[in-house]
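Following: one structure in structure tokens, then a few remarks.
In order of appearance the chains are A, B and C, and numbering begins at 1 in each one.
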Amino acid sequence: MTTMSPHSTDETMKPLSFWESATRWTMSVDHKKLGLMYIAAGLVFFLIGGVEAALMRLQLARANAGIIDPETFNQLFTMHGTTMVFLVGMPVLLGFGNYLLPLMVGARDMAFPRLNAFGFWLFIFGGMLLYFSYVGSEGLYGAPGAPDVGWFAYAPLTSRTYSRGNSTDYWILGILISGIGSMTTAINFIATAICMRCPGMTLMRMPMISWMMLVVAALVLVAVPVLTAAQVMLLFDRSFGAHFFDPQTEGSAILWQHLFWFFGHPEVYILVLPAFGFVSEILPVFSRKPIFGYGLMVAATVGIGFIALGVWAHHMFVVGMGPTLDSFFAASTFLISVPTGIKIFNWIATMWGGRLRFHTPMLFVTGFIAMFVLGGLTGIMLATVPVDWQLSDSYFVVGHFHYVLFGGTVFGIFAAIFYWFPKATGKMLDDHLGKWSFWLLFIGFTLTFMPMHISGVLGMPRRIYTYEADRGFEIWNLISTIGVPIQMAGVALFLWNVVKSLRNGKPAGDDPWDGWTLEWATSSPPPEWNFDRIPTCTSARPLWDKKHPEDPDAHYE
Amino acid sequence: MTSLPVSTSSAMPASAAPLRAAYSRAKVGMASLIFMESAFFGTFLVTYLYYIGKSPDGPQPLDCLELGPVTVNSVCLFASSATVVFAVKALARGAVAAFRTWLLITILLGLEFIVGTGLEWNTLINEKGLTIASNAFGTNYYSLVGFHAFHVIIGLLILIGILVLSLTGCIDPRRDHARIDVATWYWHFVDAVWIFVFALVYFIGRVPQDFVGHIPVGGGL
Amino acid sequence: MRKLQRPMVIATLLLVTCVSLMGALQPIALASSLIVDSDAGASKLVDAVQSGSSPKPNLEICAAPPTSGAGVTSIFEPNSPPAREIRDLSYLVLGICLAIFIVVQGFLVLAIVRGVKAARTAKDNPTTTSSEPQQVYGSVPIEIAWTVIPVIVVFVLAMVTIRTIRDIDATTPPEGALAVTVIGHQWWWEYRYTVDSGSALAEQTTLVVTANELHVPVGRPVSLRLESADVIHSFWVPRLAGKTDLIPGHTNHLWFNAEQAGLYLGQCAEYCGTQHAHMLLRVYADEPAAFDAWLTAQAAPAVEDPLVARGRAIFSEYACLNCHTIAGTSAGMFGPNLTHLASRDTIGSGTVALTRASLRQWIDDPDVIKPSCNMPSLKLSADELDAITDYLMTLK
């Protein structure tokens, strides 16, 4: 982190000592530094989560393999899922929000800079607490071990009876604390987007990404407290003998599922909406056209936000809710494909008739659209209740959510990194290496996750540490595993690209992509106060208006 | 260093200026916080609702909960919502002494609520034998009421903080009255939550056991 | 910019290839279910070595569970009405999704090809075109079109889904169904065959209690009552029906009707702890006569062979009886019912084939076969092991 040119252009020439720059970063309340720290910490967790995944794939490459024992495997998928969702997806996306939101709405900082720093450090401590379970917790049979209850920690497997020791308590507390961090960040996003916009920037002139962040923040504020409350209940059950989820005393195991998924489903949209935002910013710039149907895009975003709150039980079709509830939740789930489809179509329409420049960010964005549609459509198959009775908790689901989470969120994150890296550091990332990263990741990703649909259809349940040899799973699992080193190469190449570019990358200049939003109107990296003079905004593409005074967007609003 | 796009005056639309004045960060931030807290309490409320009548053994709500003391507490809490409004109004007028008095009354009313709740819990635990581990009723009762009381305490700390600041002369009525107004939103929120908690725990939750058995709730659960 | 052309073209081509590959993979998924190697399992050995302190098992004794060539668990090979209805619905949604996929990706690819070409043309004639393409901000009719069309698709999907839910309606089993209560345990299955007196309120009489291998008659509906003794499990035999969870404190129902004799495999599908992976399901669909014979045999008291009296004595002397039921000898409920253990094909919930050697290994130390399962090793001497194994092997 400290290598990322911590000081803005006006600073003294003298390089900072390590200690000085370290304190500069840790004591900072600057939204840009916090944003970068979020992203960097998230990427570190991504490597950890990725290594956990690679170990699982190693074990699953062959039928009846004995590389990893069952307890360890169960910890691996729990930690992998928890890490990827709470310590990679959330912080990286919130980090981008932190970095970009004030810049893009033309503000000097977030609404509450100190609260912002507080949220970041809560996230860091939550993550460290979760990982401390590897050494600090007394797991099964008294041996230290990470939580092994799965990322959604179904009751009553999490009760004292079935989860002895305190590894589950680490899971509860780690996520609870980082969740409080996310909520403070969300409050900040809302206040920033509503109160800190520069003169002239009406709500309907906000960059698409600000809309996405606003809706994400609202979802965080509705959904995360529900998880927090449920986790508090679980903590009471485990620590004080309360009976929230204890079936022995009329407690309901299904109540946990309702509470968890009331959080969990909005959570997956929290994980994808910011990536939609990246696409909506990057795609127009590389197509040289404005986003198609801005108004409808905004409406679709808000629509997704609302519908996302009413579909949670599609994760529970197999608990026996009865035909009425099943039908209701199937219908509401299908409905969400309408606003999502609008986005997909509007993006394609944005490309249509444009002049496409295929730099790395654009490659990732195109890959995003292609892969997300596939993941979305397998989601539709799962929402078809009877089909879900077969496919739920099978590898088909694992395939579905990696398509949306990796092909969606992670591709979006890579696109964003390649796109905004020049702004944050003043250096370009190497485009050639970037393209290699993309194709390695794309091929590795397809090899890993496409066969999972097939093994799911063939009857392979998820979360099994080994499987029988004669079910026809083996070949598909082998292919899945082969994809992982290819993905690793892609990630490693990317890391190398970052290191190389930070050392001697091409200078970026203020506006390397010929962009249209306000962050390109300041220097790269921006000074601590972002803008020397607060800009004013005349349309959704303020820089377009500036660059094309003869035909500004304002005429078409 | 920065050149783009500080467009000159004419481009600035008229709508810009009032927009910035209309919302204050503090208000939006506090509203968001309250929104978030509502989701948190909503979860406990819904859970409470779900578990009504689902405690086959152990102390029952009808036997444990008495309306007397809690009504006194509630009246104090609701009254404190009014007194805090008077305090803010006084501050807006610049009447600092009145502000301090009303604030002090608010704090005392809040303290009464906390002490009252403590006494009630004492009775419940030591005389009725209801603990968080007794049954689903105990679990839900202590969690919901306890979290509410916890928030009342946070609210009290905020109010006490304001009083201390005011006594040390750090509060300038003209400069700070809007901020203090926003801070008291939290107190109103805590009161508003109590309306729901009170209604749920002491009225809806006190219906006889065998009556609840006939309500077809929680079909999917 | 010129330098970018080649990569752009290659990128487009690769994207097209990959996209069509993805499209092609869906049918392969279907096809692959037909080419599953059917008796690969019979000869293969289970490699139950786990890292950690467990001793190395004697590989020869731990043969993989016999599947008589029925290793298939594909949802596309149904053999029971609910599974078949789901298969048909799956084809329908798969078709719809595939069509949407092809259309959307088609437009995407077309947009890419056109956009790349436009960029190239603009570069080649910098004078004739302005520096930016025509700016299009949106189009109300088009946007309405792609809001309304998905709404229609969604409506169709919702209708077929709701209809199929009603058709299968898991809560109302067909007339004359065989009633079996399934109780999930960490990590094995308990089956109780009951006589349903017809009215829902009447007590059910339990005829037979067995474990891990469910026998059902061919061609007669079977109605399962799903319960759990500890955590949540899920009953999933893909060729017979979709899965349904077994939840403590909440009873679920599931029905199927096996149309062909044979063995149907499946496994627990809800993560339930350490050995979730070895909570395998085996459903034997027998011809009605064979089924009746089987049920009668299971209802009979345990065989008392005087030759193995010593084994029986040891069984009752040690803790075995606390956990296992052998009718007439013990009544433990924590572990599987062993009254007719030797009539089963497998032990450890389908983990390994039941042979004298594997059984002996199991009693000696179950962790070798099923690490961390809930049965302890009682550290019996070799002599006692032999006696108890011989005894259990007589429990036909």
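Heads up, the rule we're going with is that a contact is a pair of C-beta atoms (placed from the backbone, for glycine too) under 8 Å apart; a residue touches a chain by one contact, two chains touch by 3 or more.
Not measured: the values here are computed from a predicted model.
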| item | value |
| --- | --- |
| Graph class of chain-chain contacts, one of line, ring, star, complete, other | line |
| Farthest chain (mean CA position) relative to chain C | B |
| Centre-to-centre distance between chain B and chain A (centres being mean Cα positions), rounded to whole Å | 33 |
| Between chain C and chain B, distance of the C-alpha-averaged centres to the nearest whole Å | 49 |
| For chain A, residues that touch 2 or more chains besides their own | 250-252, 254, 322 |
| Residues within chain C bordering two or more other chains | 250 |
| Residue list for chain B, restricted to those that touch at least two other chains | 221 |
| Touching residues on chain A, where the partner in the complex is chain C | 63-71, 74, 140, 148, 150, 154, 156-157, 161-162, 247-248, 250-254, 287-290, 292-296, 318-320, 322-323, 326-327, 330-331, 334-335, 337-338, 341-342, 344-346, 348-349, 351-359, 363, 366-367, 369-370, 373-374, 377-378, 380-381, 383-394, 435, 439, 442-443, 446, 450, 453-454, 457-472, 476, 548, 551, 553, 556 |
| Interfacial residue positions of chain A with respect to chain B in the complex | 9-10, 111-112, 183, 186-188, 190-191, 194-197, 199-202, 217, 221-226, 228-230, 232-233, 236, 240-244, 249-252, 254-255, 258-259, 313, 321-322, 324-325, 510-511, 518, 520-523, 527, 531-533, 535-536, 538, 542-543, 545-546 |
| Residues of chain B that touch chain A when the two form their complex | 1-7, 11-13, 15-17, 19-20, 23-25, 28-29, 32-33, 35-37, 39-40, 42-44, 47, 50-51, 54-56, 132-133, 135-136, 138-140, 142-143, 218-221 |
| Of all residues in chain C, those that touch chain A in their complex | 1, 4, 7-8, 11, 14-15, 18-19, 21-22, 25-26, 28-30, 32-33, 35-42, 44, 46-52, 64-65, 67, 71-76, 83, 85-86, 89-90, 93-94, 97, 100-101, 104-105, 107-108, 111-112, 114-116, 118-119, 122, 132-139, 142-143, 146-147, 150-151, 154, 157-158, 160-162, 164-166, 168-171, 186, 226, 230-232, 234, 236, 238, 241-245, 247-250, 252-253, 265-278, 280, 371-372 |
